[in-house]
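What follows are several structures.
The two complexes that follow have chain A in common; it is paired with chain B in the first and with chain C in the second.
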Partner chain A sequence: MDGGKVTLGRAAGLYAGAAVLRLAIFSLLPALPDLLTGRVEISTPVTSFKRLQEGLFLYNHNVSPYDGGVYHQAPLFLPLFSLLPSYATFPFLTNFLYVIVDLLSANALWKIAESGEAGASAHFTSPRREKRWSGFVIAATFLFNPFTVATCIGRSTSVFTTCAILHAVAKAVSGAPFGAMAALAFASYLSMYPLLLLPPIMLLAYDRQNPTRAIRSPLKFSLACTTTVALISAALLGMSYLLTGSWEFLAATYGVQLTLSDLTPNVGLWWYFFIEMFDSFRSFFLAVFWLHLSCYVGGLCVRIRSQPLAVITLLLGIFAIFKPYPSISDTSLFLALVPLYRHVLPLMRYSFVIAAVILYCVLLGPAFYHLWIYAGSGNANFFYAITLVWGLGQSLLVCDLMFAVLRDEWEVERPEMVGKEIRQI
Partner chain B sequence: MHDPITHVKPRAEWALIDMGRPCVPGNVTARVIKHPVAGSASTSKVQRLGAEGCITMTTPQPLWKEPPPEKPADKRRRGFVILSFWLIVVLLGLPIWWQTTTIYRADLPLQEMLDWAEGRACRPVFPLRIAVQAPSLHDHEAQTLVRLTQHALDDLNDFAGHHLRLSLAKQSAPSADLDVVLTVRLLPGDATTAHLDPYEPVLHVTYPPNAIPSASASSSTLATYIASTLREAFAEEQATISYLLSANGSSPSSGEPRPLGQGLAPDVAESLAKRSTRALRYAPTYHLTFSLFTSGSTPSSWDIEKAIEDYMKPVLDVLSPIHNFTIDTQIQLYATPGVQNQVLTKEDLSSFINAAEWPLSPSIGGAPTINFVVFIGNQTIYIPSSSGSESVSSHSWLIPQWGAVYLLPLTSGTAHLPSHELKHPLLTFTSHLLTLTGTPHSGSLPLRLSSLSRIRSADLLLRASSTLGSLARLVVALPSISIPPSVADGVATTLSHLRHACYTLGMPEALYHARVAEAAAERAFFEKSMVGQLYFPDEHKVAVYLPLLGPVAVPLLMGAWNEILGWVRRRGVKGKVE
Partner chain C sequence: MRQPLSTLFLFFFSFLSLPLSLSLTTPDSDSQAPQDYIHAETDYQEQLHLRPLPRAALLASFSFRSNTTFSEFTSRNFRLFPRSLGQILSYANTRELHLRFNLGRWDAESWGSRPWNGAREGGTGVELWAWLVADSEAEAERKWVVLTNALSGLFCASLNFIDSTRTTRPVMSFRPEGNHNDVDPGKMHLLHGVLPHEVVCTENLTPFLKLLPCKGKAGIASLLDGHKLFDASWQSMAIDVRPICVGEDECVLQIEQTIDMVLDVDRAKRPRENPIPRPLPSHFLPCDTSKPYHSHDTCFPLDHTRNRDWSLTQVFGRPLKGACPLSNPSIPPICLHVPSSRKVFFAGVAAEQENERENIRCYHLSPEEEFNLVLPPPELPDADELDLVVPPTPPPLYAERSFTGYGQERGGVQALLHNPSKAEHVSFIYFETLPWFMRIYLHTLTARLIPNNSTTSPPKDIKVKESVDLIKKINYRPALDRARPSHLELHLTVPPLSTVQLTYTFDKTILRYTEYPPDANRGFDVPAAIITVLPDDSSDPSAPSPDSNLQPRYSLRTTTLLCSLPTPDFSMPYNVIIFTSTAIALAFGGVFNILVRRFVAADEGPVVGIAALKRRLMLRIGGLLKKLGVKA
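Right after this comes the complex of A and B.
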């Protein structure tokens, strides 16, 4: 098809452009990657490239990478990165790996966009679906989003999780439930929290099954999916066990996320709260925070059952706000999926406020962090205040997007109300 | 089917508002419609909105437009959404809340701890073995003498806890047995005399040849004499121990008429009280600080190391089974004492130490410090003796639980203080050290030291027991205090060492066990994590829970309440229809 060729050419151009941008930053501004690696907005204790280097060093010297309590990432990163030439002497291949991962994510996003799932799912077809952006635009907004670029340049390992999640969604959309489950298992293995995406991705995969070899019984389908995820996760964990020789990586990776034992500041809401927390209530509030993070899954899946992709998008937004170690990388993933809902964007009420709040945080966040840590003229409250605003901006976006999606759904039911002002009660 | 009440009520209120207070068009431009958003749409909110006042419509139509009835599918879905949140709260939240906020209370053997504190678990008994060596006597003569002496001792003894057990020792081995506290060595002589050997725990007794009792004698002056001498030798220890027992109140609750402290005369008790207030609390290690203070620029050096080595080290060595010592020294020039009179009176002595300026740190490291201050100056101490006429002059005095001061007169200009000049001060300090460690005064040094170790083990035993008792009472009195496993471990350690100490009382290892028991009991009692929750009243828990959980709970509770209300109404409607 003619259009296909054009698309292919455009895709190649886009990807080449994105890759050139990244590689140019890597080579022309050699100090920037290390600067960004040290930024708390980009590198969290569970994704930091610096900590990965430390783990890699220990691993290559036959010491357990988790000795010293610095490295909190999945053990399978270690053989991958030790295959590459040492970063200190020959950084190009490592940088190239990160660029490739970004491009793979963009490719998955492109597939999701082209499927049209956002506008027309199995149970709901939006009347506005015609008004949408092409895969090219959506991939471009992802690839040239400053957050994505900064994450890539900062070489945070969260890009691997992002890539795995996007591929899980893309596989689910394209009717390959087991591929989706495998990708989800990878994402969960790397960061644990994507496991919470299992219900909506299962719904999405169930809705988009290939009709020729579909499993019709929801129970059987969910059982098969869960088993797949469990088996692949078990295999990955088993490999990690063989690799490190002990189960201590569980406590060092997932345990740290569950207990928040590393209180390095980040853009999330947890660290300050748990610095201030009374010791005797710490475990209780850890459980409360985790339950809070996971309690949205059920409610959203039930409420927006007809649009599982919307559930995934909203959940990713919620995770970017409320997970224990969030970074702008999580926000970039959320922002990558938001343009899929181009058709409901006009229904949003606070677009200007959201954009302003996010810009405000982007400018003031680093400044406040500087005041606290380097200038010493501020204190932890400065940075925490700005992360609160950041959380507020993102939650506004999540709420407003949810409102828009629901209103879109509701207007199908009540066509006479289209374009009229409403009040939520 | 839809609920009739839901949609009737707003209409009625609207009518009311319309009549009573006409709304100014344009002030509120909103339209109330039912909009299903995850779990938040509720009928009661419509009512509340109506009650707030004015609902105007943007559209110019004057009539209230009734929102179409909610579809049953939507209602059911809303129910499921609310249920999904509540399932997480009830199935995961509540168990976790219960699990993480219950106060951990390890089981403690409370009754046993109280038994120890009240002296029911252990009767402190000091069986002191005394060997008798009589090389010049025949076996049966010696045995008779021992039997008679034992009888005499038993008659004299009024304190059941403190036995002296005599036994006939083999002639050749001089007190090789560690358990033997004292050896009585009987030698023939001209008259009946007795004296303690200054270097060994030996009592030398000489007897005239005719003093040997015959096998059938029921009493003997020699035996009585030996018995009373022995009793005298141990009188102070016995008094101290019985004072300790009575001061700790270890048996008032047992109902007995205090057999332990009954033998104490008031003046003896008073002197014992004075002595025990002088002595420092027992610690396995003491830190000795030797300070040279001088009011001028000289002397600026002293041979303290050699002086300690020569004059004090021997005593430190013999004390080493009981205490460890660490030593440091310092010289302070141009030091002004707190009192600058030429003649110091008794009142001046207490303010002589210039605590504000002199660098005498209260405690270095974990061990308590004993200060020994040599002050170069020719002040004299004048204390009128109690009789009035005579005065006692002295160079040194002891400061209870702190240390001692020695005034060393010296010709000015002596730049270096040689060790022989320090002989007197250090010998004085040595005797003060013995007082400060609580050593008894009477008897020979070996006897005093072994008796110190017994007194200390009794003291530690009683103190550990009373700490256990306090812990037990605390645990009973405060049901909200948490008891971490470390406390339970500490109590178990204390109890087992207390038991050992109780069995071995009177033997050297008792001190070790008592020391471990006391340390473990103190650690358990002062466990930090126990008090963390103690001063945390329930009102504060509201402050912990409410800021976060309050906002979360409101929509959850409202959602559940509306669902239940709706369900009850539907039941009611159904019932009426039937």
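Right after this comes the complex of A and C.
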């Protein structure tokens, strides 16, 4: 009873603190939001708030925003933001919406952390599970992560995707498979790539079903889940069609992600590769890059079947590196889930290197971008080099976390090997 | 010129002070009604108007016009109308064609209104717009491609590069000049394309002159020399083809070719064989004697007081070889606009007509004799500049456009539109075609009124309110990547004596490396904005409708802009492919390695290391040797 009250009080305090921090930045540093919106690390062509405003402007003036090269975001954002008062005259409500979305994400994360799924899943219980952080700490690391704060202040629409993904996981963990599928369908509708999370989230939901009304047959369960996602996605797309009056939004939103026609620099690996790619090989390499992005899903789901949440975490890390338009928002989502694995963090081998590489990129990335675009004393290779290092640093973190999770699993079979030198054959 | 006049000129001076009975279509005449264009006597006429401008400039406006009846045109009976162009037009179903080649900048502050009220000029580079007859938009586009490719060959210009990324369909800016009553308006398609990067040069002049009946061998066209034309401060070559119907007569197809150029007299007078300017000896320098430090050894040079005298041969570099025999003899081929107080001499067989009230002197020439016109230096050497030229009329609107911001990521465009009139509102269409790689944000478009009398910047709070009032109508079609440019047409009104500041922001796109031109860091040319001042056709001067069929009152173009885009490193596509692939391989390899291999303790499993490798290698070699030994 008391504990619950304390938790509630602490939660309120944490959320209030995070909200106050964001609102204070919005109101005290009024130039910062637009500055961050313009940063390529935060805003990509498919999440930029400035492009959203342009889309809204065209939508409100009866010009199709998809019949142009600027707006590549989901159609349902348009009525949502049209309901809010214009950002130019009354920005508070829009800012408040972004703060709320961040808090909702943190709340979902809290639920995931409190469920203990990371340490003890249906098929596997880690011997180290006692050593974990509470939901409070994990929500706090998410809310006060500078990447999350910068994404919120930059009003990137990727926060909506983040929120939907975290809610999908939270629903799956709490034994509500259909809620999870609905949230996942929503995330996929917004950004398309979360569709690749369907298999691990299905596994997670299957493992965590409420025993009283569980579907025991895996085939039936997966069929039900897939149907749910398909139906809800179809409903969302149908609503979008009714809203915009044509299907051209498909090419302008998902088509742009598939074909990478907008080559604006970002922290990912695609943009420079496809700037420099020979025209005749462009479609081949687009297919290869997408195949590469999706090939991890199957392997991870099979190998780490006992810990679906770990698969989701690792996949989010991989997406943050290899998706077509990544931003630090995707990294912040990955980094939000990593602390759930507090118990395996001591098993990681390169924590220092990873931290150093990430810091190095955070400091040098903006500097090199400035040298290229503004100072003119560097060229595109400067920023490209930093994005390479950023990708390598993050892939090192993904690999190391995967190693730690698997070693933790292995040590259940071989308890005598705890703390010993091992190798892989 | 330095020889005594009496020995140089063997001529007859005929100072006929006849009032001009002919309707002269001067470049400044306001009436652009098509009826004025037709002359029954002959189907060809040509005229050159010379107009000295302040600051030692000389505006020369050549116009050549010929007609052919529709029946002759359709039966391919070409006489004065150029056959090469006529065949292209009939093949591409083109009803009306306007082609412009432009260079330089018109200095409206000192030169005043543009010749022909801006109707015969385009933006820097090449501009083409045409009305095509087609059943559908797709067919119109096919015809347009045919037209641009054919014109490209005819005029030696890169018009074939006017593809869908440079073609727009303006809605409010252009009105047909001819009569198209016989065509269903739904089948008339207006297409407009600009090549701002095109450098207009001699190879465009030669085909232009070949279209003329006298081919530049006689008549005023014999003055046209590429060296002088493309050395001008501003020049514009225009071709207009339009059908014209008057009353019950058969309609005619009219082609009008005009060349307008502003020569810098000082520059044009430099001898061809020794064109390097040399400093004047100090005793020839005109000095500003009003300066307090002026003395026998100190001189503040007066600008543009020299070279107010010129002769036709000097500034054009060649003599005028008499009139073109095919042209209408009742139209004087040369007219000079100078105040009647100034003396003008001419050499050759000619008849002068003077109209003192309008300060025009025109000359009828004979086809056989060469002709020269001499404007001697003013009698009072320090006469005021404005007394020596016909004062230019101020234009209804001044416009300038520039980029704001810095860096290669994003920028802004600012257009300043100034109405100099004291009483009249000016209503106009502002039309911009921007290439697709400038992603403009229309929600940042603001129009701000800057009253002229305020010296300080205006208060910020009027911004929103004013922009609502100033912009009457927006016609916007966003750009589509690699497919079409953005098309922005604004209907604006500027109150008297005030300036409107139009601003918006845009993002610069990074392109694929094959999409950059060879000189990628030079930047990309952005076409000029086209401003069409609407006629005051209603009682309410503040709101003339852009839909009326009246010809525009005035039109002007801003200068082109140079937009620098971020560039990738062009030298290393292979390196980038290799580096990125390596990063992906490292990540994939790391994950794959961890996923498929088993964990064992460090001392379990097969031994690895140099010693173990050596032992295995020795074993293999030993086995191999043994095998070989057995065989041997």
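Odds and ends about this structure:
By our rule, the second predicted complex is superposed on the first by the 424 of 425 C-alpha atoms of A that agree within 3 Å, B and C clash if a C-alpha of one lies under 4 Å from a C-alpha of the other, contacts with A are read in each partner's own complex, and residues count from 1 in each chain.
In the analysis below, contacts are C-beta pairs under 8 Å (C-beta built on N, C-alpha and C of every residue); 3 or more make two chains touch, one makes a residue touch a chain.
Quantities reported herein were computed from a predicted structural model and do not represent experimental measurements.
Taken together in the superposed arrangement on chain A, chain B and chain C clash. Judged by the touch definition given at the top, the superposed model places A:G68 against chain C, while chain B stays out of reach. Note on chain A: of its two partners chain C and chain B, the one contacting more of its residues is C. By the touch criterion defined above, A:G299 reaches both chain B and chain C.
Look at A:L223: by the touch rule set out above, it reaches neither chain B nor chain C. In the superposed model, A:A234 lies in contact with neither chain B nor chain C.
Contacts of A:K420 after superposition: both chain B and chain C are touched. Of the two partner chains placed around the shared chain by superposition, neither chain B nor chain C is touched by A:A12. By the touch criterion stated above, A:A214 is placed in contact with neither chain B nor chain C. With both structures placed on the common chain, the touch criterion links A:A287 to chain B but leaves chain C unconnected. Clashing C-alpha atoms with chain C appear in just one stretch of chain B from the list 81-89, 135-143, 243-251 or 297-305: 297-305.
Touching of chain A by both chain B and chain C, each in its own complex, is seen for residues 278-279, 292, 299-300, 303, 402-403, 406-407, 410, 414, 417, 420-425.
Touching chain C in their complex are the following residues of chain A: 38, 40, 50, 53-54, 56-58, 61, 63, 65, 67-70, 88, 261-265, 269, 271-279, 292, 296, 299-300, 303, 318, 321-322, 372-374, 376, 379-381, 384, 388, 391-392, 395-396, 398-399, 402-403, 406-407, 410, 414, 417, 420-425.
Residue ranges of chain C in contact with chain A, taken from their complex: 406-410, 436, 439, 441-443, 474, 476-482, 486, 507, 509-514, 566-569, 572-573, 576-577, 579-580, 583-584, 586-588, 590-602, 605-606.
Residues of chain B touching chain A in their complex: 29-42, 45-46, 49, 58-59, 68, 77, 80-81, 84-85, 87-89, 92-93, 96-97, 100-101, 482, 532-533, 536, 544, 548-549, 552. Residues 278-281, 283-285, 287-288, 291-292, 294-295, 298-303, 305, 402-403, 406-407, 410, 414, 417, 420-425 of chain A are the ones that touch chain B when the two sit in their complex.
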